[in-house]
Amino acid sequence: MVASAFVDAFRFMPNHVSLLLDKAGETAELAFAALAIALLVALPLGLWLGHRHRGLLLALGVSSLGRSLPSVALIGLGIGILGVGFWNNTVALVVLAIPPILTNTYFAVEGVDRDAVEAARGMGLTEAQILTRIELPLGLPLLLAGLRIAAVFVIATATIAGIFGGGGLGDIMARQITYGLGGVFAAALWVAGLALLTAAALALAQRAASRRMAPRT
Amino acid sequence: MPTEAAELVFDEATKVYPGRDGAAVDHLSLTVPAGEICVLVGPSGGGKTTALKLVNRLIPLTGGDIRIDGTSILEHDLTELRRSIGYVIQQVGLFPHMTVEGNIGTVPRLLGRPRSWIRTRSAELLELVGLDPSYAKRFPAQLSGGERQRVGLARALAANPPLMLMDEPFGAIDPIVRARLQDEFLRFQSELRKTVVFVTHDIDEAIRVGDRIAILREGGRLAQYDTPQRILEHPVDDFVAEFVGRDRALKALALRTLGDLELSPATDDGLPRLHAGASLRDALALLVAEHRDALLVVDADGSPLGVAKREDLLQ
Amino acid sequence: MTGWHSAGGGPVIPDFGQPSACLKHNGWFCTDWMSKHWGDVLQPALVQHIQLTVIAVGIGFGIAFLLALVGFRWRFLDAPLGGFTDLLYTIPSLALFQLLVPLTGLTVTTVEIALTSYTLFILYRNIVAGLRAVPAEVLESARGMGLTRRQTFFRVELPLAVPAILAGLRIATVATISIATVAAFLIQDGLGHPIFDAIETPDLFKTELLASGGLAILLALTADGLLAYAQRALTPWSRLR
């Protein structure tokens, strides 16, 4: 049965390349839009709190509350308030993406060696310069790790959104009658591929960022 | 507490690290008599810590031998060897998840001692190292640096080992507390009379603590092995003289007390007074400060013993 | 609407006696529905949800612990093992469920395999990191005191890793409670079931959504709190720093 599902899936793919690309595009659009909005909200807040060494409880609370939110219920809530469409899902995804970005940004900046910051301040760097030239580069690997967690989370949830009328690859996965088992399986493989590629790209960025700091290891 | 001590012999002990030029410890031969403190001292790269860790085989010997009471360390079972040697390091390395008593009881527990024995022993050792018995239930995170090292000492003594290895034990402690710990260490060492190998990079600490001092030079070669007095008064070469410092004559004065001198009869009054236990260095400092040539030595009750002249001190 | 999901079984806009005004207007918080259906909808779903979670985290912990021992003992295996668990973690839950269906069908087994595989990444990382975090001087003094490799592991490394292990368990448990709601896409088990039903009801049954979603959040926060308490109780020494 496994083998035949794969055979079906790989038979489905060549005949439906444009469908899969379209649907993958929808999922990616939803996911990356949500990620971008979440970044716009969480990044400045996390940087500021981390730089001021304030809001530890907020960062911790947001992270554990964020993990406990069931994505399905959040999507349902979005539908209940905003109705079915792009925005209800976007809002739900943004809410899910903010905690890992906020928490990791906070700890990335907060955890930078205080002596380095003290030395920079002693050398006459302004607070903004300390943030952009010292804390941000030093905290970048951890920050990117948070972004990666958020990205994986958001792609997974964007797929779930698809089964409730959000479009994308989840839409195919929810319609076995229309697309057949091969289609469902093909969509699942594409979603997995999308998530893995995104995670791999961010992992590479993360590695590059930490290499730059410690070239020898 | 029972006292026992072992004689420790380094016999051409050699350590060469693979892939590195030259030896870390080069044919080191010396004997530490039972019950004495041998201080290994020297510049960094002198191999003092390596030499110490050869003894409990944390670092394996490349050549030569080390014997404890005549038996080669290589003939001992590794675990038994280590359990029979007290080991104290600069960073202490207390187990953070165990109470002070748990830390002290680690080796006795492994040796199958009953709980009650460990409790008594722990209380005894805490008192010995100058900590209140109430410390038994505290965790390492609740202790100051000096207190941690006291517990480290107590832990090393727990199984009553005949030999102690101490690797810069007071190196991370501030000078005032360090001096107090050195004094207390010497006080209980005078009771216990363990054989101790003590590593430091601080020549003053070496002079203060050591019965004998081994000065190691670059490349792990022994430059001189002697009593502090002889090293200060008769350094074998320029390296040793340089290492002990230009003020070695003053340091040597610090090793002797007024009581060691032959005093002239006490006649002249109005001299500055100093008791017999004071060091010659302190006596000289007093003469310089007071612009005098002699002082009156008194005993603990203040009754005069005799007069010490400036030239007596400098002999 | 869902592929594997059979319609029916769950309560649509319920028809029992006289519905309250709240229910007629599909309000967000109709207490009469909640008290009426605690016994036949919410409580069974909650119990199933706890079962799903406990089994997944339990098995996941067992597997992650064994993997972590291997990755800790043989350092060169750490990166591949970590990478493997990371890969599993990255596959979106819905896709993993679907990919497993041909293998194990529309069963609890499928759901448990997927949920378990999500716990591995967090647990593996935390266990290995905890074992590795023992300070060098602590290990040196253990060695110097004559503790064998085995004694060092059981008396020093493992107890010192407990806070990190419990922190991993906390994160894994909370995440599993959240992801387990997606399981209702395959099987009619857990709090996801009433959530899916609520969403699929025409006009969306708000009270059922809020009640079951809220229960999931409450369950997650309770588990988080209990494990945090266990962490404090088991490792009194770790709070003192």
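We just call them A, B and C in the order they show up, numbering each chain from 1.
Simple rule for what comes next: a contact is a pair of C-beta atoms (placed from the backbone, for glycine too) under 8 Å apart; a residue touches a chain by one contact, two chains touch by 3 or more.
Being a predicted model, the structure only gives us computed values, none of them experimental.
Asks: Note down the smallest number of touching-chain steps it takes to go from chain A to chain B.
Replies: 2
Asks: Tell me which of A-C and B-C has more C-beta pairs in contact.
Replies: Between A-C and B-C, the larger count of C-beta pairs in contact belongs to A-C.
Asks: Where the centre of all protein Cα atoms falls, which chain's Cα centre is nearest to that point?
Replies: C
Asks: Taking mean CA positions as centres, which chain lies farthest from chain A?
Replies: Centre of mass proxy via C-alpha means gives B as farthest from chain A.
Asks: Distance-wise, how many Å sit between the C-alpha centres of chain A and chain B, to the nearest whole number?
Replies: From the centre of chain A to the centre of chain B is 59 Å.
Asks: How far is the middle of chain A from the middle of chain C, if each middle is the mean of its Cα atoms, in Å?
Replies: 20
Asks: Taking each chain's centre as the mean position of its Cα atoms, how many Å separate chain B from chain C?
Replies: 56
Asks: State the interface residues of chain C toward chain B in the complex, per the touch definition above.
Replies: My answer: residues 135, 137-148, 151, 155-156, 159-160, 162, 235-238, 240-241.
Asks: Can you check the complex and tell me which residues of chain A touch chain C?
Replies: Counting only chain A, the residues touching chain C are 1-2, 4-5, 64-65, 67-77, 79-80, 152, 155-156, 159-160, 163-165, 170, 173-177, 181, 184-185, 187-189, 191-192, 195-196, 199.
Asks: Which bits of chain C are touching chain A when the two form their complex?
Replies: These residues of chain C touch chain A: 1-4, 28, 86-87, 89-96, 98-99, 101-103, 171, 174-175, 177-179, 181-182, 184-185, 191-192, 195-196, 198-199, 204, 206, 209-210, 212-213, 216-217, 220-221, 224.
Asks: Which part of chain B faces chain C closely enough to touch in the complex?
Replies: It is residues 56, 58, 78-85, 87, 89-98, 106-107, 110, 139-142, 152, 155, 165 of chain B that touch chain C.
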